[in-house]
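Look at the two complexes coming up: chain A is in both, with chain B in one and chain C in the other.
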Partner chain A sequence: MKIKKGYIKSKAYEGWAVVPVGEESKKNKIMLTLNDTAAEIWDMLCDGKSKDEMIDALKKEYDIPTEQAEKGITNIIETLLKEGILEE
Partner chain B sequence: MKQEITVRFAGIGIGISSRFDFMERFCKEYLTDEMPLFSVSVTDEQRTAELQIATEPTTEEYAEALCLYREIAERIPLFDRVVFHGAAIAYEGKAYIFTAPSKTGKSTHIRLWKQVFGEKVTIINGDKPILSLKDGNITVHGTPFAGKENWQNNVSAPLGGICFLTQGKDNTISPVSPKDAFTKLYLQTYKPYSEEAAEKTLEIIRRLCTYPCFHLSCDISENAVKASFAALVKGESK
Partner chain C sequence: MNEEIKSVETVITEKGYVVISTSGISMMPMLRDRKDTSEIRKLTKKPKKYDVVLFKKGTKLVLHRIIKETPDGYIIRGDNSYENDTVKSESLIGVLYSFTRKGKQHTAKDLSYRIYSRLIVFCHPFKRFLQKTKSIVKRIFRWK
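Moving on, here comes the complex of A and B:
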(Lines of atoms letter the chains of each structure in order from A and count residues from 1; the text may use other names and numbers.)
(Lines give C-alpha, C1' and ligand atoms only; values in the text may rest on other atoms or scores of the structure.)
Protein backbone atom coordinates (compact mmCIF):
# COMPACT_ATOMS: atom_id res chain seq x y z
CA MET A 1 0.00 0.00 0.00
CA LYS A 2 1.20 3.48 -0.71
CA ILE A 3 -0.12 7.01 -0.65
CA LYS A 4 -0.74 8.27 -4.16
CA LYS A 5 1.56 11.06 -5.33
CA GLY A 6 -0.04 14.49 -5.20
CA TYR A 7 -1.35 14.82 -1.65
CA ILE A 8 0.04 16.93 1.18
CA LYS A 9 -0.68 16.93 4.89
CA SER A 10 -0.80 20.30 6.56
CA LYS A 11 -2.14 21.72 9.81
CA ALA A 12 -5.89 22.32 9.96
CA TYR A 13 -7.54 24.54 12.56
CA GLU A 14 -7.66 21.46 14.76
CA GLY A 15 -5.67 18.41 13.78
CA TRP A 16 -4.52 17.98 10.21
CA ALA A 17 -5.78 18.34 6.65
CA VAL A 18 -4.86 16.31 3.59
CA VAL A 19 -5.40 18.06 0.28
CA PRO A 20 -4.55 17.33 -3.35
CA VAL A 21 -1.86 19.24 -5.26
CA GLY A 22 -0.48 19.04 -8.79
CA GLU A 23 -2.46 16.94 -11.28
CA GLU A 24 -4.54 15.48 -8.44
CA SER A 25 -5.82 18.97 -7.58
CA LYS A 26 -7.51 19.07 -11.00
CA LYS A 27 -9.27 15.73 -10.46
CA ASN A 28 -10.00 15.69 -6.75
CA LYS A 29 -11.27 18.66 -4.77
CA ILE A 30 -11.66 16.97 -1.40
CA MET A 31 -10.09 17.76 1.93
CA LEU A 32 -9.64 15.03 4.49
CA THR A 33 -9.26 16.05 8.10
CA LEU A 34 -7.24 13.86 10.43
CA ASN A 35 -6.83 13.79 14.19
CA ASP A 36 -3.33 13.34 15.60
CA THR A 37 -3.47 9.53 15.60
CA ALA A 38 -4.84 9.41 12.05
CA ALA A 39 -2.07 11.81 11.03
CA GLU A 40 0.51 9.43 12.51
CA ILE A 41 -0.99 6.57 10.51
CA TRP A 42 -0.82 8.80 7.42
CA ASP A 43 2.87 9.47 8.08
CA MET A 44 3.56 5.75 8.48
CA LEU A 45 1.74 5.00 5.22
CA CYS A 46 3.87 7.68 3.52
CA ASP A 47 6.95 5.93 4.93
CA GLY A 48 5.77 2.66 3.38
CA LYS A 49 5.17 0.88 6.70
CA SER A 50 3.23 -2.41 6.62
CA LYS A 51 -0.01 -2.84 8.52
CA ASP A 52 1.75 -4.99 11.14
CA GLU A 53 4.47 -2.39 11.63
CA MET A 54 1.83 0.30 12.10
CA ILE A 55 -0.10 -1.82 14.61
CA ASP A 56 3.10 -2.38 16.62
CA ALA A 57 3.93 1.32 16.58
CA LEU A 58 0.47 2.36 17.80
CA LYS A 59 0.37 -0.36 20.49
CA LYS A 60 3.70 0.85 21.87
CA GLU A 61 2.88 4.53 21.72
CA TYR A 62 -0.64 4.43 23.15
CA ASP A 63 -0.49 1.22 25.18
CA ILE A 64 -3.61 -0.17 23.47
CA PRO A 65 -4.59 -3.73 22.49
CA THR A 66 -3.88 -5.08 19.00
CA GLU A 67 -7.59 -5.03 18.04
CA GLN A 68 -7.96 -1.35 18.85
CA ALA A 69 -4.83 -0.39 16.91
CA GLU A 70 -5.89 -2.53 13.96
CA LYS A 71 -9.39 -1.06 13.93
CA GLY A 72 -8.02 2.51 13.83
CA ILE A 73 -5.62 1.67 11.02
CA THR A 74 -8.25 -0.22 9.02
CA ASN A 75 -10.65 2.74 9.27
CA ILE A 76 -8.06 5.14 7.89
CA ILE A 77 -7.00 2.74 5.15
CA GLU A 78 -10.61 2.19 4.07
CA THR A 79 -11.26 5.92 3.93
CA LEU A 80 -8.11 6.57 1.91
CA LEU A 81 -8.90 3.71 -0.49
CA LYS A 82 -12.47 4.98 -0.92
CA GLU A 83 -11.21 8.47 -1.73
CA GLY A 84 -8.63 7.08 -4.16
CA ILE A 85 -5.72 8.47 -2.16
CA LEU A 86 -4.19 5.10 -1.26
CA GLU A 87 -3.09 2.54 -3.80
CA GLU A 88 -3.03 -1.20 -3.03
CA MET B 1 -0.28 41.14 -31.43
CA LYS B 2 -0.06 40.81 -27.65
CA GLN B 3 -1.45 43.46 -25.35
CA GLU B 4 0.68 44.02 -22.25
CA ILE B 5 -0.90 45.68 -19.23
CA THR B 6 -0.19 45.87 -15.51
CA VAL B 7 -3.02 45.74 -13.01
CA ARG B 8 -3.07 46.26 -9.27
CA PHE B 9 -5.12 43.52 -7.57
CA ALA B 10 -5.22 43.27 -3.78
CA GLY B 11 -2.34 45.70 -3.45
CA ILE B 12 0.13 44.01 -5.80
CA GLY B 13 1.12 44.76 -9.36
CA ILE B 14 0.49 41.93 -11.81
CA GLY B 15 1.57 41.91 -15.46
CA ILE B 16 -0.98 40.54 -17.93
CA SER B 17 -0.19 39.53 -21.47
CA SER B 18 -3.31 39.12 -23.57
CA ARG B 19 -4.18 38.47 -27.20
CA PHE B 20 -7.13 40.87 -27.06
CA ASP B 21 -7.51 44.51 -26.02
CA PHE B 22 -10.57 43.35 -24.08
CA MET B 23 -8.43 42.85 -20.94
CA GLU B 24 -7.41 46.50 -20.86
CA ARG B 25 -11.08 47.57 -20.99
CA PHE B 26 -12.13 44.87 -18.56
CA CYS B 27 -9.47 45.88 -16.00
CA LYS B 28 -9.67 49.64 -16.64
CA GLU B 29 -10.26 50.54 -12.98
CA TYR B 30 -7.27 48.45 -11.90
CA LEU B 31 -4.57 49.58 -14.37
CA THR B 32 -1.29 50.77 -12.86
CA ASP B 33 2.15 51.96 -13.98
CA GLU B 34 4.01 50.13 -11.22
CA MET B 35 6.46 47.30 -11.81
CA PRO B 36 4.63 43.95 -11.69
CA LEU B 37 5.63 41.41 -9.05
CA PHE B 38 4.85 38.65 -11.54
CA SER B 39 3.24 38.27 -14.95
CA VAL B 40 0.71 35.89 -16.45
CA SER B 41 -0.28 34.84 -19.94
CA VAL B 42 -2.26 31.97 -21.45
CA THR B 43 -1.67 29.66 -24.38
CA ASP B 44 -4.06 29.08 -27.28
CA GLU B 45 -4.63 25.57 -25.88
CA GLN B 46 -5.70 26.94 -22.49
CA ARG B 47 -8.09 29.37 -24.16
CA THR B 48 -9.62 26.62 -26.32
CA ALA B 49 -9.99 24.34 -23.29
CA GLU B 50 -11.73 27.12 -21.38
CA LEU B 51 -14.24 27.57 -24.19
CA GLN B 52 -14.94 23.84 -24.17
CA ILE B 53 -15.67 23.67 -20.44
CA ALA B 54 -17.76 26.87 -20.37
CA THR B 55 -21.24 26.18 -19.00
CA GLU B 56 -22.70 29.23 -20.72
CA PRO B 57 -22.03 30.73 -24.16
CA THR B 58 -18.89 32.87 -23.93
CA THR B 59 -16.53 34.75 -26.19
CA GLU B 60 -12.92 33.86 -26.90
CA GLU B 61 -11.75 37.04 -25.21
CA TYR B 62 -13.76 36.39 -22.04
CA ALA B 63 -12.54 32.79 -22.00
CA GLU B 64 -9.01 34.17 -22.11
CA ALA B 65 -9.82 36.55 -19.25
CA LEU B 66 -11.01 33.63 -17.11
CA CYS B 67 -7.82 31.69 -17.91
CA LEU B 68 -5.74 34.71 -16.92
CA TYR B 69 -7.56 35.04 -13.60
CA ARG B 70 -6.93 31.36 -12.95
CA GLU B 71 -3.22 31.89 -13.65
CA ILE B 72 -3.28 34.78 -11.17
CA ALA B 73 -5.10 32.58 -8.63
CA GLU B 74 -2.32 30.02 -9.02
CA ARG B 75 0.39 32.54 -8.22
CA ILE B 76 -1.02 34.89 -5.59
CA PRO B 77 -0.92 32.47 -2.63
CA LEU B 78 2.86 32.99 -2.74
CA PHE B 79 2.08 36.63 -1.93
CA ASP B 80 -0.29 35.72 0.96
CA ARG B 81 -3.44 36.10 -1.11
CA VAL B 82 -6.19 33.77 -2.33
CA VAL B 83 -9.10 33.96 -4.74
CA PHE B 84 -12.29 33.17 -2.84
CA HIS B 85 -15.72 32.18 -4.18
CA GLY B 86 -18.28 34.41 -2.52
CA ALA B 87 -20.14 37.70 -2.70
CA ALA B 88 -18.37 40.38 -0.65
CA ILE B 89 -19.82 43.66 0.51
CA ALA B 90 -18.52 46.51 2.66
CA TYR B 91 -20.69 48.05 5.36
CA GLU B 92 -19.43 50.74 7.75
CA GLY B 93 -15.78 49.96 7.01
CA LYS B 94 -15.96 46.18 7.36
CA ALA B 95 -16.22 43.48 4.71
CA TYR B 96 -18.74 40.67 4.93
CA ILE B 97 -18.69 37.64 2.66
CA PHE B 98 -21.63 35.45 1.71
CA THR B 99 -20.49 32.15 0.31
CA ALA B 100 -22.26 29.09 -1.08
CA PRO B 101 -22.21 26.84 -4.14
CA SER B 102 -23.18 28.62 -7.36
CA LYS B 103 -26.88 29.43 -7.82
CA THR B 104 -27.68 29.26 -4.08
CA GLY B 105 -28.50 32.95 -3.88
CA LYS B 106 -25.35 34.88 -2.94
CA SER B 107 -26.08 37.63 -5.45
CA THR B 108 -29.72 37.76 -4.41
CA HIS B 109 -28.71 38.17 -0.77
CA ILE B 110 -26.28 41.04 -1.40
CA ARG B 111 -28.86 42.69 -3.68
CA LEU B 112 -31.24 42.60 -0.70
CA TRP B 113 -28.54 44.22 1.48
CA LYS B 114 -28.31 47.02 -1.10
CA GLN B 115 -32.09 47.29 -1.11
CA VAL B 116 -32.25 47.62 2.70
CA PHE B 117 -29.15 49.74 3.39
CA GLY B 118 -28.72 51.57 0.07
CA GLU B 119 -25.56 53.67 -0.20
CA LYS B 120 -24.24 52.36 3.11
CA VAL B 121 -23.43 49.11 1.31
CA THR B 122 -20.66 48.89 -1.29
CA ILE B 123 -20.31 45.72 -3.28
CA ILE B 124 -16.64 44.72 -3.24
CA ASN B 125 -17.05 41.78 -5.58
CA GLY B 126 -20.10 39.68 -6.35
CA ASP B 127 -18.35 36.42 -7.10
CA LYS B 128 -14.57 36.08 -6.72
CA PRO B 129 -12.87 38.62 -4.44
CA ILE B 130 -9.24 38.28 -3.39
CA LEU B 131 -8.47 37.87 0.31
CA SER B 132 -5.09 38.92 1.68
CA LEU B 133 -3.39 38.03 4.95
CA LYS B 134 -1.08 40.56 6.54
CA ASP B 135 0.02 40.75 10.18
CA GLY B 136 -2.66 38.22 11.06
CA ASN B 137 -5.48 40.26 9.50
CA ILE B 138 -7.59 39.36 6.48
CA THR B 139 -8.57 42.08 4.00
CA VAL B 140 -11.12 41.63 1.20
CA HIS B 141 -10.32 43.19 -2.18
CA GLY B 142 -12.28 43.90 -5.33
CA THR B 143 -11.25 42.60 -8.73
CA PRO B 144 -12.94 42.95 -12.14
CA PHE B 145 -13.76 39.22 -12.18
CA ALA B 146 -17.18 39.36 -10.64
CA GLY B 147 -19.47 36.77 -12.22
CA LYS B 148 -22.35 37.33 -14.58
CA GLU B 149 -23.79 40.36 -12.76
CA ASN B 150 -20.36 42.02 -12.89
CA TRP B 151 -20.89 43.70 -9.52
CA GLN B 152 -17.51 44.93 -8.38
CA ASN B 153 -15.63 47.97 -7.15
CA ASN B 154 -11.92 48.59 -6.78
CA VAL B 155 -12.12 48.85 -2.99
CA SER B 156 -10.74 46.90 -0.03
CA ALA B 157 -11.98 46.45 3.53
CA PRO B 158 -10.92 44.44 6.57
CA LEU B 159 -12.94 41.27 6.97
CA GLY B 160 -15.73 41.39 9.55
CA GLY B 161 -17.30 37.97 9.08
CA ILE B 162 -18.48 35.23 6.76
CA CYS B 163 -21.89 33.65 6.14
CA PHE B 164 -22.39 30.23 4.60
CA LEU B 165 -25.74 30.45 2.81
CA THR B 166 -28.31 27.77 2.22
CA GLN B 167 -31.83 28.21 0.87
CA GLY B 168 -34.56 27.80 3.45
CA LYS B 169 -38.18 28.63 4.17
CA ASP B 170 -37.35 30.70 7.23
CA ASN B 171 -34.43 32.94 8.19
CA THR B 172 -32.21 31.47 10.86
CA ILE B 173 -28.57 32.06 11.55
CA SER B 174 -26.22 30.11 13.79
CA PRO B 175 -22.49 30.24 14.52
CA VAL B 176 -20.10 27.87 12.74
CA SER B 177 -17.08 26.71 14.74
CA PRO B 178 -13.59 27.44 13.37
CA LYS B 179 -13.06 23.69 12.96
CA ASP B 180 -16.15 23.29 10.75
CA ALA B 181 -15.52 26.59 8.98
CA PHE B 182 -12.01 25.44 8.01
CA THR B 183 -13.38 22.65 5.79
CA LYS B 184 -16.22 24.75 4.38
CA LEU B 185 -13.86 27.63 3.55
CA TYR B 186 -11.43 25.32 1.79
CA LEU B 187 -14.21 24.22 -0.56
CA GLN B 188 -14.81 27.86 -1.56
CA THR B 189 -11.16 28.81 -2.00
CA TYR B 190 -9.20 28.46 -5.22
CA LYS B 191 -7.07 25.32 -5.00
CA PRO B 192 -3.69 25.90 -6.58
CA TYR B 193 -1.56 23.38 -8.42
CA SER B 194 1.76 23.90 -6.67
CA GLU B 195 2.50 22.45 -3.25
CA GLU B 196 3.96 25.71 -1.99
CA ALA B 197 0.86 27.67 -3.03
CA ALA B 198 -1.41 25.01 -1.48
CA GLU B 199 0.45 25.32 1.84
CA LYS B 200 0.05 29.10 1.73
CA THR B 201 -3.65 28.74 0.91
CA LEU B 202 -4.18 26.52 3.96
CA GLU B 203 -2.29 29.02 6.10
CA ILE B 204 -4.73 31.76 5.03
CA ILE B 205 -7.74 29.48 5.67
CA ARG B 206 -6.41 28.68 9.17
CA ARG B 207 -6.69 32.40 9.94
CA LEU B 208 -9.89 32.94 7.97
CA CYS B 209 -11.81 30.30 9.96
CA THR B 210 -11.16 32.20 13.21
CA TYR B 211 -13.24 35.18 12.01
CA PRO B 212 -16.93 35.16 12.97
CA CYS B 213 -18.53 32.52 10.73
CA PHE B 214 -22.23 31.73 10.52
CA HIS B 215 -24.63 29.47 8.71
CA LEU B 216 -27.59 31.37 7.32
CA SER B 217 -30.64 29.49 6.13
CA CYS B 218 -32.66 32.08 4.26
CA ASP B 219 -35.42 32.92 1.84
CA ILE B 220 -35.56 35.89 -0.55
CA SER B 221 -36.80 38.60 1.78
CA GLU B 222 -35.61 41.51 3.86
CA ASN B 223 -35.95 39.24 6.90
CA ALA B 224 -32.97 37.31 5.51
CA VAL B 225 -30.94 40.54 5.64
CA LYS B 226 -32.16 41.23 9.18
CA ALA B 227 -30.87 37.81 10.23
CA SER B 228 -27.43 38.13 8.61
CA PHE B 229 -27.07 41.78 9.70
CA ALA B 230 -27.85 40.90 13.33
CA ALA B 231 -25.20 38.19 13.41
CA LEU B 232 -22.47 39.72 11.26
CA VAL B 233 -22.70 43.37 12.27
CA LYS B 234 -24.33 43.25 15.69
CA GLY B 235 -22.88 39.94 16.84
CA GLU B 236 -26.32 38.51 17.65
CA SER B 237 -27.25 35.00 16.57
CA LYS B 238 -29.49 32.19 17.79
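Moving on, here comes the complex of A and C:
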Protein backbone atom coordinates (compact mmCIF):
# COMPACT_ATOMS: atom_id res chain seq x y z
CA MET A 1 0.00 0.00 0.00
CA LYS A 2 1.20 3.46 -0.72
CA ILE A 3 -0.05 7.01 -0.46
CA LYS A 4 -1.04 8.37 -3.85
CA LYS A 5 1.16 11.16 -5.19
CA GLY A 6 -0.39 14.61 -4.74
CA TYR A 7 -1.43 14.52 -1.09
CA ILE A 8 0.46 16.16 1.73
CA LYS A 9 0.03 16.26 5.47
CA SER A 10 -0.06 19.70 6.97
CA LYS A 11 -0.27 20.97 10.56
CA ALA A 12 -3.71 22.33 11.35
CA TYR A 13 -5.73 23.76 14.21
CA GLU A 14 -6.93 20.51 15.77
CA GLY A 15 -4.08 18.28 14.70
CA TRP A 16 -3.28 17.56 11.08
CA ALA A 17 -4.92 17.82 7.69
CA VAL A 18 -4.31 15.90 4.49
CA VAL A 19 -4.65 18.22 1.52
CA PRO A 20 -4.53 17.55 -2.22
CA VAL A 21 -1.89 19.50 -4.14
CA GLY A 22 -0.87 19.78 -7.78
CA GLU A 23 -3.05 17.92 -10.27
CA GLU A 24 -4.96 16.17 -7.48
CA SER A 25 -6.23 19.53 -6.18
CA LYS A 26 -8.00 20.06 -9.52
CA LYS A 27 -10.02 16.87 -9.05
CA ASN A 28 -10.41 16.85 -5.31
CA LYS A 29 -11.07 19.60 -2.78
CA ILE A 30 -11.20 17.18 0.10
CA MET A 31 -9.52 17.96 3.40
CA LEU A 32 -9.12 15.04 5.73
CA THR A 33 -8.40 15.84 9.33
CA LEU A 34 -6.13 13.54 11.29
CA ASN A 35 -5.47 13.27 15.00
CA ASP A 36 -1.91 12.66 16.21
CA THR A 37 -2.18 8.85 16.04
CA ALA A 38 -3.71 8.93 12.55
CA ALA A 39 -0.92 11.30 11.51
CA GLU A 40 1.65 8.77 12.76
CA ILE A 41 -0.04 6.04 10.73
CA TRP A 42 0.03 8.37 7.72
CA ASP A 43 3.78 8.86 8.17
CA MET A 44 4.31 5.10 8.42
CA LEU A 45 2.30 4.56 5.23
CA CYS A 46 4.44 7.21 3.53
CA ASP A 47 7.53 5.30 4.70
CA GLY A 48 6.14 2.15 3.07
CA LYS A 49 5.70 0.24 6.34
CA SER A 50 3.61 -2.95 6.27
CA LYS A 51 0.47 -3.35 8.38
CA ASP A 52 2.32 -5.65 10.80
CA GLU A 53 5.14 -3.15 11.21
CA MET A 54 2.61 -0.40 11.92
CA ILE A 55 0.81 -2.55 14.50
CA ASP A 56 4.12 -3.28 16.28
CA ALA A 57 5.04 0.42 16.29
CA LEU A 58 1.67 1.48 17.76
CA LYS A 59 1.73 -1.31 20.37
CA LYS A 60 5.17 -0.20 21.53
CA GLU A 61 4.36 3.48 21.58
CA TYR A 62 0.94 3.40 23.24
CA ASP A 63 1.18 0.11 25.14
CA ILE A 64 -2.07 -1.18 23.63
CA PRO A 65 -3.17 -4.72 22.62
CA THR A 66 -2.72 -5.95 19.05
CA GLU A 67 -6.49 -5.86 18.34
CA GLN A 68 -6.79 -2.19 19.28
CA ALA A 69 -3.78 -1.19 17.17
CA GLU A 70 -5.04 -3.24 14.23
CA LYS A 71 -8.53 -1.74 14.47
CA GLY A 72 -7.17 1.82 14.44
CA ILE A 73 -4.91 1.13 11.48
CA THR A 74 -7.65 -0.69 9.54
CA ASN A 75 -10.06 2.23 10.04
CA ILE A 76 -7.58 4.71 8.64
CA ILE A 77 -6.56 2.47 5.75
CA GLU A 78 -10.22 1.93 4.82
CA THR A 79 -10.94 5.66 4.89
CA LEU A 80 -7.90 6.46 2.76
CA LEU A 81 -8.78 3.71 0.28
CA LYS A 82 -12.38 4.95 0.10
CA GLU A 83 -11.20 8.50 -0.62
CA GLY A 84 -8.78 7.23 -3.25
CA ILE A 85 -5.75 8.57 -1.38
CA LEU A 86 -4.21 5.17 -0.74
CA GLU A 87 -3.31 2.72 -3.47
CA GLU A 88 -3.14 -1.05 -2.99
CA MET B 1 -11.23 11.40 10.87
CA ASN B 2 -13.52 13.49 8.70
CA GLU B 3 -14.55 11.55 5.61
CA GLU B 4 -16.90 14.04 4.07
CA ILE B 5 -16.17 16.13 1.05
CA LYS B 6 -17.34 19.63 1.78
CA SER B 7 -16.90 22.99 0.23
CA VAL B 8 -14.29 25.30 1.70
CA GLU B 9 -16.92 27.69 2.99
CA THR B 10 -18.96 24.97 4.67
CA VAL B 11 -15.90 23.49 6.36
CA ILE B 12 -14.84 26.88 7.75
CA THR B 13 -18.34 27.53 9.06
CA GLU B 14 -18.62 24.13 10.69
CA LYS B 15 -15.08 23.44 11.90
CA GLY B 16 -13.77 26.97 12.29
CA TYR B 17 -10.87 26.36 9.91
CA VAL B 18 -9.89 24.75 6.64
CA VAL B 19 -6.60 23.76 5.04
CA ILE B 20 -6.38 24.19 1.28
CA SER B 21 -3.83 24.45 -1.49
CA THR B 22 -4.42 27.56 -3.54
CA SER B 23 -4.22 27.87 -7.30
CA GLY B 24 -2.78 30.73 -9.31
CA ILE B 25 0.26 32.97 -9.01
CA SER B 26 -1.28 36.06 -7.45
CA MET B 27 0.22 35.32 -4.04
CA MET B 28 3.67 34.40 -5.31
CA PRO B 29 6.33 34.15 -3.97
CA MET B 30 4.63 33.28 -0.69
CA LEU B 31 2.14 30.74 -2.02
CA ARG B 32 3.08 28.69 -5.06
CA ASP B 33 0.42 27.44 -7.47
CA ARG B 34 -1.12 24.24 -6.05
CA LYS B 35 2.04 23.42 -4.10
CA ASP B 36 1.72 25.08 -0.71
CA THR B 37 -1.06 24.75 1.81
CA SER B 38 -2.83 27.48 3.76
CA GLU B 39 -4.74 27.19 6.99
CA ILE B 40 -7.66 29.60 6.91
CA ARG B 41 -9.51 30.28 10.13
CA LYS B 42 -12.96 31.70 10.65
CA LEU B 43 -12.95 35.42 11.37
CA THR B 44 -13.39 36.06 15.07
CA LYS B 45 -12.35 39.70 14.99
CA LYS B 46 -12.10 42.53 12.48
CA PRO B 47 -9.23 41.88 10.07
CA LYS B 48 -6.57 44.54 9.67
CA LYS B 49 -4.08 45.81 7.11
CA TYR B 50 -1.55 43.12 5.99
CA ASP B 51 -3.89 40.25 6.92
CA VAL B 52 -4.45 37.73 4.13
CA VAL B 53 -8.17 37.06 3.85
CA LEU B 54 -10.38 34.63 1.98
CA PHE B 55 -13.33 36.28 0.28
CA LYS B 56 -16.02 35.61 -2.27
CA LYS B 57 -15.56 37.12 -5.71
CA GLY B 58 -18.45 36.05 -7.91
CA THR B 59 -18.43 32.27 -7.90
CA LYS B 60 -14.79 32.06 -6.83
CA LEU B 61 -13.00 32.20 -3.52
CA VAL B 62 -9.93 34.44 -3.45
CA LEU B 63 -7.10 34.57 -0.92
CA HIS B 64 -5.44 38.00 -1.04
CA ARG B 65 -3.93 40.62 1.28
CA ILE B 66 -5.65 43.65 2.81
CA ILE B 67 -3.70 46.73 1.84
CA LYS B 68 -6.09 49.39 3.08
CA GLU B 69 -9.34 49.88 4.91
CA THR B 70 -11.76 52.48 3.52
CA PRO B 71 -15.36 53.48 4.28
CA ASP B 72 -16.39 51.53 1.13
CA GLY B 73 -14.71 48.33 2.30
CA TYR B 74 -11.32 46.69 2.36
CA ILE B 75 -8.89 47.27 -0.50
CA ILE B 76 -7.44 43.83 -1.17
CA ARG B 77 -4.71 42.74 -3.59
CA GLY B 78 -2.60 39.68 -4.32
CA ASP B 79 1.10 40.10 -3.52
CA ASN B 80 1.93 39.38 -7.15
CA SER B 81 -1.05 41.13 -8.63
CA TYR B 82 -1.78 44.68 -9.81
CA GLU B 83 -5.54 44.49 -9.54
CA ASN B 84 -7.24 45.75 -6.38
CA ASP B 85 -10.59 44.56 -5.13
CA THR B 86 -12.86 46.51 -2.83
CA VAL B 87 -14.48 43.99 -0.57
CA LYS B 88 -17.21 44.53 2.00
CA SER B 89 -16.64 42.87 5.34
CA GLU B 90 -19.67 40.60 4.84
CA SER B 91 -17.93 38.96 1.86
CA LEU B 92 -14.96 37.93 3.98
CA ILE B 93 -14.94 34.26 4.91
CA GLY B 94 -11.72 33.70 6.79
CA VAL B 95 -8.22 34.86 7.55
CA LEU B 96 -4.89 33.15 6.88
CA TYR B 97 -3.56 31.73 10.13
CA SER B 98 -0.59 29.83 8.73
CA PHE B 99 0.83 28.39 5.56
CA THR B 100 3.13 25.46 4.88
CA ARG B 101 5.76 25.99 2.23
CA LYS B 102 8.28 23.28 1.32
CA GLY B 103 7.19 21.34 4.41
CA LYS B 104 7.78 24.22 6.82
CA GLN B 105 4.91 25.88 8.63
CA HIS B 106 4.88 29.67 8.99
CA THR B 107 2.24 31.41 11.06
CA ALA B 108 0.90 34.92 10.53
CA LYS B 109 2.29 35.77 13.96
CA ASP B 110 5.90 34.96 13.03
CA LEU B 111 8.14 38.00 13.05
CA SER B 112 9.70 37.01 9.72
CA TYR B 113 6.24 36.77 8.15
CA ARG B 114 5.17 40.13 9.59
CA ILE B 115 8.28 41.77 8.16
CA TYR B 116 7.64 40.05 4.80
CA SER B 117 4.01 41.22 4.64
CA ARG B 118 4.97 44.83 5.31
CA LEU B 119 7.83 44.75 2.82
CA ILE B 120 5.73 43.21 0.05
CA VAL B 121 3.11 45.96 0.41
CA PHE B 122 5.70 48.72 0.71
CA CYS B 123 7.72 47.53 -2.31
CA HIS B 124 4.70 47.01 -4.57
CA PRO B 125 4.89 50.40 -6.43
CA PHE B 126 8.63 49.91 -7.03
CA LYS B 127 8.02 46.39 -8.30
CA ARG B 128 5.68 47.72 -10.96
CA PHE B 129 8.22 50.39 -11.93
CA LEU B 130 11.02 47.80 -12.13
CA GLN B 131 8.92 45.46 -14.27
CA LYS B 132 8.03 48.28 -16.68
CA THR B 133 11.69 49.33 -16.88
CA LYS B 134 12.73 45.73 -17.51
CA SER B 135 10.19 45.35 -20.30
CA ILE B 136 11.35 48.64 -21.94
CA VAL B 137 15.01 47.54 -21.75
CA LYS B 138 14.10 44.16 -23.26
CA ARG B 139 12.25 45.88 -26.12
CA ILE B 140 15.22 48.19 -26.80
CA PHE B 141 17.62 45.25 -26.97
CA ARG B 142 15.27 43.30 -29.23
CA TRP B 143 15.00 46.34 -31.52
CA LYS B 144 18.80 46.65 -31.76
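Operating definition for what follows: the second predicted complex is superposed on the first by the 88 of 88 C-alpha atoms of A that agree within 3 Å, B and C clash if a C-alpha of one lies under 4 Å from a C-alpha of the other, contacts with A are read in each partner's own complex, and residues count from 1 in each chain.
Heads up, the rule we're going with is that contacts are C-beta pairs under 8 Å (C-beta built on N, C-alpha and C of every residue); 3 or more make two chains touch, one makes a residue touch a chain.
The structure presented is a predicted model; accordingly, all values stated were derived computationally and were not measured.
In the superposition on chain A, contact is made by A:10 with both chain B and chain C. Legend: residue contacts after superposition of the two complexes on their common chain; A:34 is shown touching chain C, with no touch to chain B.
Once chain A of one complex is fitted onto chain A of the other, the partner contacts of A:22 extend to both chain B and chain C.
Among chain B and chain C, the chain that touches a larger number of residues in chain A is C. Shared-chain residue A:79: touches chain C; no touch with chain B.
By the touch criterion defined above, A:48 reaches neither chain B nor chain C. Touching of chain A by both chain B and chain C, each in its own complex, is seen for residues 8, 10-14, 17, 19-22, 25-26, 29, 31, 33.
Contact residues on chain A toward chain B in their complex (touch as defined above): 8, 10-14, 17, 19-22, 25-26, 29, 31, 33. Interface residues of chain B facing chain A in the complex, by the touch rule stated above, are 178-179, 181-183, 186-187, 191-195, 198-199, 202, 206, 209-210. Across the complex, chain C meets chain A through its residues 1-3, 5, 7-8, 11, 15-21, 23, 34-37, 39, 41, 97-98, 100, 105. Taken in their complex, chain A has these residues touching chain C: 8, 10-14, 17, 19-23, 25-26, 28-35, 38, 75-76, 79, 82-83.
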